[in-house]
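First the structure, then my questions, so here it is.
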Amino acid sequence: MSTIVLLTVTGLGLAALYFLVASGLSLIFGLMGVLNFAHGAFLTVGAYGTWWAAGHLPGAGSTGWSFVLAVVFGVAVGTAVAALVELALIRPLYERHIEQVLVTVGLSLAMVALVRAIWGADARPFPRPEWAQRTTSLLGANVPNDRFLLIGTAVVVLVAVLVLLRSTRIGLVIRAGVENRTMVTALGIDVRKAFTLVFAVGGAFAALAGSLGGVYLGSISPGQGTSLLIFAFIVVVIGGMSSITGTAVAAVLVGLVQQYANYYAASGVGDLSVVLLLAVVLLTRPSGLSAKVA
Amino acid sequence: MRSVPIGRFAPLVILVVLAVLPYSTLQVPVLFDGLLNSPGTLQLLALCLLFGGLALSYDLLFGFTGLLSFGHALYFAGGTYVANLALTELGWGLGAALLLTTAVGTVLPLLVGSVALRVSGIAFSMVTLATAQVGSILVLQDPGGYTGGEEGLALDRGQVPDAFVGVFNTVNLYWLALVYLTVVYVVVSWVTRSRAGRVWQAIRENERRVEVLGLRPYTFKLLVFVLAGLLAALGGVVHLLVLGGSTPRTTTSEFTLSLLVMVVLGGAGSRWGAVLGGVLYTYLDSRLTDLASSPAVQDLPEWLRVPLSEPLFLLGSLFVVVVFFVPGGIAGLVDRLRSRRRRGEDDGPAPGRVVEQLKDRVGAGMSGPRDGI
Amino acid sequence: MSTTEPTAAQRPVVLQLTDVHVRLSGSHILQGVDLTVRRGGVTALLGRNGAGKTTTVKSVLGLVPAAGTIELTDAAGRVHRLTGRRTHEVVRLGVGYAPEDREVFGGLTVAENLALAERRGSAHHPDRVYELFPELQQRSRQLAGTLSGGQQQMVAIGRLLLNDNQVLLVDEPTKGLAPLLVTEVAEVLARAAEEVTVLLVEQNLSVVRRMAIDAAVVDNGRVVWTGSASELLADADRTRELLGVATSAPLDESRSHSSSGAEGRTREDLPARRSRSAPAPEVGG
Amino acid sequence: MTTQTEPGPPRPAPSGGGGPVLRVAGLTCAIGGAVIVSDVSFDVAPGEFIAVIGPNGAGKTSLFNLLSGLMPATGGTVTLAGHDVTTASPATRARRGLGRTFQSSSVFAGLSVAENVRLAAQARLGGSLRFWQRVRPDDEAQQVATRSLERVGLAARSRDLAGSLSHGDKRKLELAILLATDPAVVLLDEPMAGVSIEDVAGLTEVIGAVHREEGKTVLMVEHHMDVLLGLADRVAVMHHGSLLALDTPARVTADPAVQEAYLGDAL
């Protein structure tokens, strides 16, 4: 029983990580039609930003509120980089989707390489707040606290995104834009502002995932973002490409399947079964689990 | 039409020049470190030619048929690892290993393609990406110690003909790579001008229209997917021999992305463009690494030295610049310079168009045309 | 209908297209369109399918890349050049657009569709739309995608009435609607046209006849006829020539004058085996 | 010239006696609650020419999409030459002899005019999967392509990119592609839309000739009434997704319900 609890909570923690990355991806894809390969780089930037702040930024550190400050710094850097990328590189290629995708491919290579050039290719130990290193007893299982941190953050983010989409004007613009961008502009709305916002918000979530992923894994390396990105892509596709709730469901599904299979079969089988899951979902429901926004 | 005599014989002339190149003892100061026929230079050139061929096999999918696969690395890596295992673990001869690789190189893309091609657009790209990731995970997990994990797998040279072993025989590896490139070039030229080649181009232009003509796009896409996968797998064997081992780097999604970079850099949908892109990328990747460790760069201030020390940073940035300012890549640039408006039937598609064409495949299904096509 | 319409020359210009060209994927779709829309009332844009009516409308909005000059003159007499502007800028200058096929946001509720269309400092409240279309008020929380075609058209037109516009571009609002709804939509448009100029693309000539003051006919990417709508529709021969449809004259009579040569031969050369006793037509419900 | 379309006596039954070449029964398509095509039933005899008219948005193109398999039917059946093709793919229907043109021309813009038509001929003649066999300028598919292009008067432009053709020429190319696939049943979706008045006569001529000389069954959506009434044996009137009438041109045009639906009640 305790194993199942531990596996489930760990799987949900992983799902939370996937959701944080995938939610931004699916918003960007839904609204802009861009499959953002640079998203993994945003994650890496956020992780290294947090790591750097914990060591160098006055007031920031690896415990309590000073760690929160470090995370805030990392997320801010990730957000800024994402917004800058959108404004400088994606926006000029407005409506030229394939070129936008190619640009993000180039960026994903270049940004990860830059991080590697600055901080080296080796993994670095990530600051972990003491609370996250302890465990909590849940139904007889000793669950590491970082799982709860991840799940809690993802739930907060999910609720925040749903509130944003459902009850703000910009959310209305985003939902309408996912359906029909042209008609949104034909109502006199500059849809490009929503693009920048969505990119920045996506970057913020990815950076947050980078920071929390660092806590979860205990270390960070430049290539971490890219490998997480692939699973995030799978989550987005299973979730129906542009649906936030669909993405959340898919993330939970993928996280749990991966954990269970890795434990009960063999290490690595979890990853395989996720790919199998993707194939099954696509073959039975080619448009993914859900095709609606929010 | 006036450029046909040159155009038709240019590949042949280049082939001859490349074939006799190892006999030259030229010293090319900036471009290469040693003599042109020194083992180091020849190995670099062999890799350039090999990746030129590999990029062309990818262009067959992406540029000519419009299939944006993110999993081409799987077949290349499959080629090196299968051949390596056959030689090293099973102790087979090179011929038998080649046969096995051919079989795997046909069956693997057939299996993946038959599933992946049931969906189209981004979903197809994602399925290929995911399956390639399986390959990567498999190699890194090192099941049963067969793949060597992160260390890679060294080749047992005892099973390889002596002609391909040893520093002095680097020239043979060079010729082998040249043969590979030539084979890929001839095959791609041939099939793109074949009856099926016409259909591939048409699928890139408008898949549903092809269907209404009574052809099943699925079959044609599967055909080109298998063909490109097989060519990549054979390239894997050459890579194995040139490097003397298999490296897990060839399994990564980054590797496929670099193939995409090569093709777009050179010009998607153009045969020589893709080859040139592969050659150029490989050359730059290698030379920029050398440059990074050169004293000239080491003495630079840190803010310059750090980015310059990562070739992939420079290549990635160069790629972004090309996408922005040189649509259609090098081939597109040359095409515009020649400003030929009408293209003969034997030419490939205009390189710039390919990227344009694929727009719809990546788009988010906006309010599109309403009458079915 | 208003009886004291000023003659065309007296009314100031609100929208002026001069030598507008549109090329799309190699096709030269608009080949030098010159079109003047005068303030007040409805100007009908007519023409056969594929003649370039919708493209003309889209060129004004910047939804297709257009060469040439398109100018909007606002109520204060200021002239704005529209060519080269982005779509949302054109719309904010006071150009409302109801596209062919309506394009309401099916995943949004009626209220949300209207809220989205409200521009900052907008003149009117959604209640005004609900007054015009009480049906929409009952359904304000319903997803627009679940509305009937006619109700969707109400949303599409309603959202134009929330803002102060200089001109409304309305593309085939009665397309695919039941006759009763055609009348209803036409009435709403007529009411809107009392306050704001409308450029109306329409195939239903009865609607045109009821509302339009001016008319312009597009063919092959050019405006081939402009003038008074009633004058055009009164002349059956000209209407048929320009629009390719028969109007009040019975079809089988009018055809005998102008039908192409193929017709006569078709009948005479019919192979004997061909039959008219094909299975009786089953008229679907 | 005399009017030839009075309700004439019924012509003799087809000697082939094989029944209808196309039978549509209760065909329905509803998407998200909206009924686009509603319970349409009719039979088409071999060699017959049926014009489909109706106001914009009445479901004519949707009907063609259902017939050619580009949209899935949610009810009813389509039988083509005795085979139920209701759930068949567009490719299968095409192989069973159904060809169509499109409202918005959808030629392969990046291929030359000749290649466009060649592809169609190749699709019919088979052997398209032969990736080892190079395209020869003198093979059968090429000859068929050349003949089709000559037929529509595009032979002179065969080496040009299809995307560079004028709108009217693209329409002709569509027809040439259709001719090269040699279908038994031809669906023409507004072949005259956007075509200049001079070209209309030429295209009408070609369509008429295809119908007459090759005995093809034709269903054509068209707004040019003159063209339609000159060619059609029967006229189908669509309205709100339903088949309002299907009868001889004279009877249909005299039908007050049709006049109201198609021409506007006030006219």
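The chains carry the letters A, B, C and D, assigned in the order they are written, with residues numbered from 1 in each.
Keep this in mind: a residue touches a chain if its C-beta (ideal position, glycine included) is under 8 Å from a C-beta of that chain, and two chains touch if they have at least 3 such contacts.
Please read all numbers here as calculations on a predicted model, not as lab measurements.
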Remotest chain, chain C as reference, centres from CA atoms
B
Which pairing of chains accounts for the highest number of C-beta contacts?
C-D
Mind checking the centre-to-centre distance between chain A and chain D? Centres are C-alpha means, answer in whole Å.
50
Roughly how far is chain B from chain D, centre to centre by C-alpha average, rounded to an integer in Å?
44
Centre to centre, by mean C-alpha position, how many angstrom separate chain A and chain B?
31
Residue numbers of chain C (touch at least two other chains)
101, 103, 106
Please set out, as single numbers or ranges, the residues of chain D touching at least two other chains.
109, 161
What residues in chain A touch two or more of the other chains?
180, 182-183
Which residues of chain A touch chain B in their complex?
29-35, 37, 89, 92-93, 96-99, 101-103, 105-114, 116-118, 178, 180-183, 226, 230, 233-234, 236-237, 241-242, 267-268, 271-272, 274-275, 278-279, 282-283, 286
In the complex, go through chain C and note every residue touching chain A.
61, 63, 86-88, 91-92, 97, 99, 103, 105-108, 112, 115-117, 119, 159, 163
How about chain D: which of its residues touch chain B in the complex?
61, 64-65, 68, 70-71, 89-91, 94-95, 99-100, 102-104, 106-112, 114-115, 118-120, 122-124, 127-135, 141, 159-161, 177, 181, 189
Spell out the residues on chain A that touch chain C in their complex, using ranges where they run on.
169, 172-173, 175-176, 179-180, 182-191, 292-293
Within their complex, chain D touches chain C through residues 1-6, 8-16, 20, 26, 32-34, 38-45, 47-49, 55-59, 105, 109, 161, 163-167, 170, 190, 192-197, 200-201, 204-205, 208, 211-212, 215, 223-227, 229-231, 233-234, 236, 240, 242-250, 253-254, 260-261, 263-267
